[in-house]
Each structure stands twice: as C-alpha cells, then as structure tokens.
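Labels A, B and C are assigned to the chains in the order they are written; within every chain, residues are numbered from 1.
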Amino acid sequence: MTMTQQEPAMSNLYQPTVMRIASARDEAPEIRTFRLEFTDDQYKQDFYKKYRVGMFGLYGLPGAGESTFCVASPPTRTDYIECTFRRTGRVTAALQDREAGQTITFRGPYGNSFPIDQWKGRNIIFIAGGIALPPVRSVIWNVLDRRSEFGKVTIVYGARTVADLVYKDELAQWEAMDDVELITTVDPGGETADWKGKIGFVPTVVKDSAPSPEDCVAVVCGPPIMIKFTLPVLTDLGFAAGDIFTTLENRMKCGIGKCGRCNVGSLYVCKDGPVFTVEQVGKMPQGDL
Amino acid sequence: MVANINEIQSAAAALLNEGKVKLVLGYRVRGNDRVPAFVTQADQVGCLAYDSACTQNLAAYLRKGEVRSRMPLAVVARPEVMRSLMLLTAESQIAEGQVTVLAVDEQGFHGVLDLAGTAKLLNEQYARIAPDSSLMEQLAKIEAMTPQERSAFWSEQFEPCTRCYACRAACPGCFCERCIVEMNTPQWISTAAESHGNFAWHMIRAFHQAGRCVECGACQDACPQGIPLMLLNHFIAREVEREFDARSGYDPQAEPVIGSWKQDDKQEYIR
Amino acid sequence: MKTLEATKLADLAAALTAAGYRVIAPCQRGDQVHLECYQAGKTLRADVIPVNSAKDALFPRSEVIGRYRFEGNEFETVPVAPQAGKTVLLAVRPCDAAALAPLDAVFNWDYKDEFYNAHRDATTVVALACTAADDQCFCTSVGGSPDSTANADAVLRPADGGKRFILESLTDKGQAIAAAGQAVLTEGQAQADPPAQVAPAFDSAAVTAWAKDGFDSPLWKELSLACMGCGACAYTCPTCHCFDIQDEATRREGVRLRNWDACGFGLFTKHAGGHNPRHDQASRWRQRVMHKFAYFPERFEMLACTGCGRCGRLCGNGMSIREVCSQIEQAAQAGVK
C-alpha cells in the first residue's frame, strides 16, 4: 500500500501563500464553497508538483487563525482549488465573512493521498454523508476527469435533509452521466414534496443497493455514526478492509507533524494520513479516534 | 505527623465500613512529600497522614468527574479546606449528604462532621484566622506604591509564568468547565506566555476569585515558577473585607459578594 | 587539561558574555534556580537542577512565526526570518542535553523547522556532569547517565572534591568556548569526582511492553486520579514539544504565534464538531506515557523522556513519569492488565 509522501517543503515552513476568492457559493445552511486562485505563481507550481487527491491544506485569515480542510477539487483542475466548509467557530466564521474578490491564506498541500493509480481498471463505490462529501467529491472528479481509466463508478450520498445536500448541481451532473450510478438519499423526514431520491439512512441504502465487492474499492466518508454502521454493511458484502478507504478529520494545527495535536498512536494524521484504509484505522488505538 | 493520626484513620475506616462514604480523600506520605490519597477500602486507611506539610486544597478534586462519581465521600479538611467546602456549597457545587468532613488542624483530628457542622466549627473555632505580620508588611509596601510602580512590580512577578495553569488546577474555586482563557470567540485573554497575556490572566483570575478566595495558598504552592500569587489574592481579600465586611467560606448560604447586589449597597464610588 | 576553579564559574559566564555569547545558565532567582540569561550580579548555582529546562532556549514559550498588516479589508503577510543570536547553554545537566535528540528529531523529521534550527545551530551546549542526584532523578532508567556527554559540545566535570571543574571540549563549538574562556581557565591536572549514583527507578522496556497491550486498561484511571490537568509537567519537561498556533492582531497589524501547549489539557484534542477523543484525564495520561514510551520510540527509535525528574519535583499532587511508570511496572509484574 503506497500512500504518497510529499517532499520537504519551503523556507519558513509556516509562511502561508495568499489566495484570491474567485467565487463563493452557498451549498447548504452554513456550508460554503470557495473557488480559490493562487496569487503566487511559484507557490502554485510547487503545489501542483505535489498535490494528489486526498491531501489537505490550512486555510486562514490573519487575525483569526487557520483551519484544516481537504482540497475539494482534484489535481486535474489546475486553474483553481476549491474548499467546502461549515461555519463552526472563530476561524470558519471569519473565512465565511470573506467575499469573492477578497483574499485568504493557504498552506499546503499536506498529508497523503488516495492511491487512485492503483485503482485503474477497478470499480469504485463512493459513499458519503452530509458535510463529508467534499473530500470524496475531490476523488470523484479526479476519477471522472480520467474516466476511461476506471471501471464502474457508483456514488451513494445522503444528508439529513434535502437542504443539507452539498454540491446539488453536481449531483444533477452525476445523475445525468450514463457511466455513473448515483443514489441520493435523505433521512426519513428530511424529504421535500418533490424529492425523487431515496429516503433512508446511508448504511441502509448501501445495503439495499448491494454493490458487488468484486474488483471494487470503496471510498467512505461521513459522520462517525454513518461510518460505524456502513463499514459492517461493506464487510458483510465481502469488501476487504484493505479495499475500503476513508479520510480522518482529526484536530490539526500545524499540518506538518510537529505540534502533536493530531497524534493517534505512533501516527500523525497530518503526515501518515488523512487517508487511511479501514484496515489501518482498525490498527489504531480506537479510544483516541 | 499529628499525634492522633490513628484517630483519623479509624474514623475513615468506620465511614467506609459503614457504607457512609465510598471514598476518603486525604493525604499520604511519599518520600519527602505529601500527596493526595484516594482511599476506597477500609484496609487502606493506614496510608492516611496529616501534618503541616499537607498543603494541597483537596476540595479542588470535588470538580473531577472520577471523584464526584464516588460520592458520598469524606475529605480530610483543615480550616481553609473547610472554607472551600462552604464556598462550594454556597455556589451549588456540592450539597449536604455528598461530603463528610474529617476536621483537622495543626493540633490534629477534631471529629467527623457534616457540612452544617463544619460551618458551625468554622465560625466558632476559626472565625479569626489572622494573616501573618510579614504578609501584612508586604501588602503595605504594595499599597504604598504608585500605580506605575505597582504595574512594574506585578509585571516582574508574572514574567516567569509559563501559563501552565497549575494555579487554576489547584484552586477549588476554579471549577468552570470552560475557563475564560479557553474562550476564543473572542479571545478574551492572550494565550501567549508573555507580559500582556500573563498580566491579564493573573489579574482576571484574581478578580474571578474576589470575594470567593479562601486564601488557602494552594495556587502559590502549585506554581512551578514560585510566583507570589498570594500577595495578589490576600490584597484583594483585604479589599473585599474592607469594602463589604465579608470573608469567603464561613456561610454555606452566602450570596456571592461581587456577584450579588442589594438596594442598600454603597454607592459613593460612583462619581 | 583545562580546569576552572569552582568559584570562577561566574567569571567564565562573564568571559563568554564578553565574547558575544548570550549565556543561559542556572541562576538564583528568589527561592528557585532558573536557567536564564546570565547577567553580572546574578548568582550561578551549579549544585541544583533548575526549575525550567534547556528547551526554553531552543523552543521558546511563545515565538512569532508570522506577521501581517491590514489595509481596509485586505491584508499583507510579512515573512518572518527565524532569529537566533550566538548562545551558550552553560552548565546544563546531561538530561537536558540528552533531550535535544528527541527535539532535533521531531523538528526535522520531514519538514525542517527553521525557527528551532536557527536556535539550535546558534547554540553551544556545555553540559555539567552530575556528582549528586535527588530522589526524583531517574536518568539511568531511560538510557541516560549522570555523566553522559550526548549532544554536548563541551562538558564541565566537577573535580578535586568539587573545588574545580575540568572543561573538556568535544566539538569545534566546544573548542570555541574554551578559547573564549581562556583567561579564566588554567592548564593543569585534576581528578574528576565520581558521577552521582542514580539507582534505576523502573524498567522502561517493561513500561513500553505493558502500555502497548494495555491501551484499554482500567489502570489508567487509577494512575491518573490525582492529576488535575494542568501543564506544569509538560512545560517544564525538556522533551515535551507540543504547541498551539494563535493569531493576535489589532485593526492594523498582527502576529501569528507558536505557543506551548500540552496533551494534558482538556481541550487539546477537541474537534470543532464537539467530539473529544481524549475527554478524561485517564486518556490524557495514557497519551502522555504512551507518547514518551511507545509512540515516539516507534517513530523515532528513542524514548521521549530523559529522566530529569522535573515533573516529579514540580507536581503538587505527586504525579510524575517516575511514579506512574513505577506503578505500571509493578502492575505488569503482578500480571495486572
């Protein structure tokens, strides 16, 4: 299992670069997507040399601080990067108060990545819940941008209510693709009158759709309770723990394996992760997750 | 060791054996030190010790979940610790029935009491704990300083502070689940171990203890850097005594001095 | 060999200061001894281990790692160049010098931390071999020794019954110290005093082995009962290096700071969503011990503890690595899981 390691970085390793917000879009209540453009060409070049899907960055506003989110757009898109995040505290509130045309800071890319080159020719099932779609969406577009290299693509995505679904227009795009199977769902009670998708919790919907584990990898990301109930479904269907990938969202600060905050066992989520197989997660001290 | 230490041990054993408490919180000897003891079985009471070197304020443990889950419990309490228990009662952190007191002082053990009995003992026997004269001299020196001199004096005292919060951890009055220094929207107090942050931290903690501090000294003892925190706390306690005729920890039903207001409060400072 | 009269340690400090070094040495401060910047008039204390550790000089309590200015709604980031003046750590204990190994490892293992490295490269380490130890010392339990010269550029060895020191230079930086101090040094013979006897307190391999299997043990709760979750042990520890990053700003400008932090604090691992993996002191103490004795060694092939004993000296509630590891070893021997 190779998880790509990036080379040691720049001088003054805490110095961020400045990004301009090209556009901002509200996905759902308190959840916003920024499309960001690099203002420093050298930083941009260095970024794309290293960036593989799954890596994260530290997005910040001087005076407020920095916050960790995945890079929600794939490396196949080189005019911009995107991040999608919820307003939860001091830094995310300050970031969401920024508008298109204004700037924020960025440090990255950090962490390891999904080994999608090893998935060539294989089928992929993407399973995500709520605000956890962004890291998965990054991989989905990476795969779709290189569609012919991969087999069957299935996406199962659910949220509490219709309003909470993120990337609504992209869901429509995936729905319209002949070579993608999309299943969307909302929790019981979360549907609207004109909702055409399924109604039910993501683990149940996955079980009902009974994806074949044959030559298939799974990418799963969601709130802890969703993961807790989805993994046994996949195991029962015959998926191997080494073929199920997830990304951990621990509390991180420095992003580069020094401050100690994301330390789980002998691993640093910011360096050895955030992408792990379920097999690897199973070997971690569960009480620290 | 106080002469009647075995009486403390017997009393503790009896409380445990009779099922009146599930835990006895006391002190034990370890090498040259006195450390907290958590005794849950009657046959362990032999480790309990008490002398003047036992300076931790055990009432601080009453905010810890692992200790609270073992209530009802007993605490080996000297007068300052008894006063802390009164404060915690007045502030609804503990209630009669949860805490039994094994009353001690320099002379030794003075019996098993409930919180009401503790209040009575405090007011009868320990009503006038007078601060020592050398402390009063130091306080007088500070009082004689100009504001600029005081600012310089306190900045110098706080310079070694590393913001370890041992003072907060040791204090029974610091039971907030989320301390003001842990709030970040806004960040009221700088978390940097630097002059302005340290000054703000210590001043605000002292003010949050104003009218509540029982002057037990646990914060100063806990400080790894030897910062004379009690100078600040005693200074404020004397102010509170002067202005409000109040001393913390003698009335388990007292209303908070700073936190409450009465119609006939003095108003001449409003100019 | 080069020798220094014990009464002339302050003169050596003065000579090094005159030669342009910032001298960090154990100085009397009130009732305590602190490793701090030596100035004329301060009393040097080579007989007592200081309250704080040498890490303060390489990894300050609070350090500026970024600056920025505001102009209306826009900001400008201003790069900060790591700054470090020529420094000598004079008469630091071997346990402090040994601690530089885990610090060097974590600050350089992939990304090179220029701030730490600037301080480190500018610093000369003059160790002081220990001829006395107290009941909190346990360097020999973690692979150290009272006269170890690991990571030292030079070492002062007490000699002739404490009357003088032998100054032995071990590196070029150490030679430079001898050169700078030559006016107060004498060429001559002296007999080094025997190193302190530090009896082993516990078997660290046994602690590592028990901890690796004992993640879910209920023993952690008992071991940590007295702990009230402050940062005194972590901050005084020569190897602890966790930190927080905080911005502080006015409307016009601000700084980004790296401040000490500790895994013992309740909020250290709390997620924005509210989940806190280490929500009680038992799990936080487990992290403390396992990081030092299991996780860090797995990663960097060395323990993250040098047995200086400061945690034990400073904890008012009797918690310490020495105490907890001794209890773990006893539990391991008794077959308690």
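Definition applied: a contact is a pair of C-beta atoms (placed from the backbone, for glycine too) under 8 Å apart; a residue touches a chain by one contact, two chains touch by 3 or more.
In this text, all values refer to a predicted model and were calculated from it rather than measured experimentally.
Student: What chain lies closest to the overall centre, CA atoms only?
Tutor: Closest to the centre of all protein C-alpha atoms: chain C.
Student: Which chain has its C-alpha centroid farthest away from the centroid of chain B?
Tutor: Ranked by distance of C-alpha centres from chain B, the top chain is A.
Student: Weigh B-C against A-B on C-beta contact pairs and write down the one with more.
Tutor: More C-beta contacts join the chains of B-C.
Student: Would you kindly tell me how far, in whole Å, the mean C-alpha position of chain C lies from that of chain A?
Tutor: 39
Student: Hey, how far is the Cα centre of chain B from the one of chain C, in Å?
Tutor: Chain centres of chain B and chain C, defined by C-alpha means, are spaced 31 Å apart.
Student: With chain centres defined as C-alpha means, what is the inter-centre distance between chain A and chain B in Å?
Tutor: That pair's centroid distance is 49 Å.
Student: Identify all positions of chain C at which a residue touches two or more other chains, and write them in rising order.
Tutor: Residues 244, 246 of chain C each touch two or more of the other chains.
Student: Hunt down the residues of chain A that sit against at least two other chains at once, touch-wise.
Tutor: Correct list: 89.
Student: What residues in chain B touch two or more of the other chains?
Tutor: Answer for chain B, listing residues that touch two or more other chains: 187.
Student: Could you list, by residue number, the parts of chain C that touch chain A in their complex?
Tutor: Going through chain C, the ones touching chain A are 65-66, 68, 70, 73-75, 77, 79-82, 106-107, 109-114, 215-216, 241-247, 249, 254, 256, 258, 261, 263, 268-273, 275, 277-278, 283, 286-287, 290-291, 294-296, 298-299.
Student: Note which residues of chain B are touching chain C in the complex, please.
Tutor: Those residues of chain B that touch chain C are 30-33, 35-36, 38, 55-56, 60-61, 64-67, 160, 162-166, 168-170, 182, 187, 190-194, 197, 218, 221-222, 224-226.
Student: Looking at the complex, which residues from chain A come into contact with chain C?
Tutor: Going through chain A, the ones touching chain C are 5, 8-9, 11-16, 18, 60-67, 88-89, 92, 102-103, 105, 224, 249-251, 253-254, 256-261, 263-266, 271, 285, 287-289.
Student: Can you list the residues on chain C that touch chain B in the complex?
Tutor: 29-32, 34, 51-52, 61-62, 135, 221, 225-226, 228-232, 234-236, 244, 246, 248, 257, 259-260, 262, 265, 267, 280-282, 314, 316-318, 323
Student: Note which residues of chain A are touching chain B in the complex, please.
Tutor: Contact set of chain A toward chain B: 89-90, 93.
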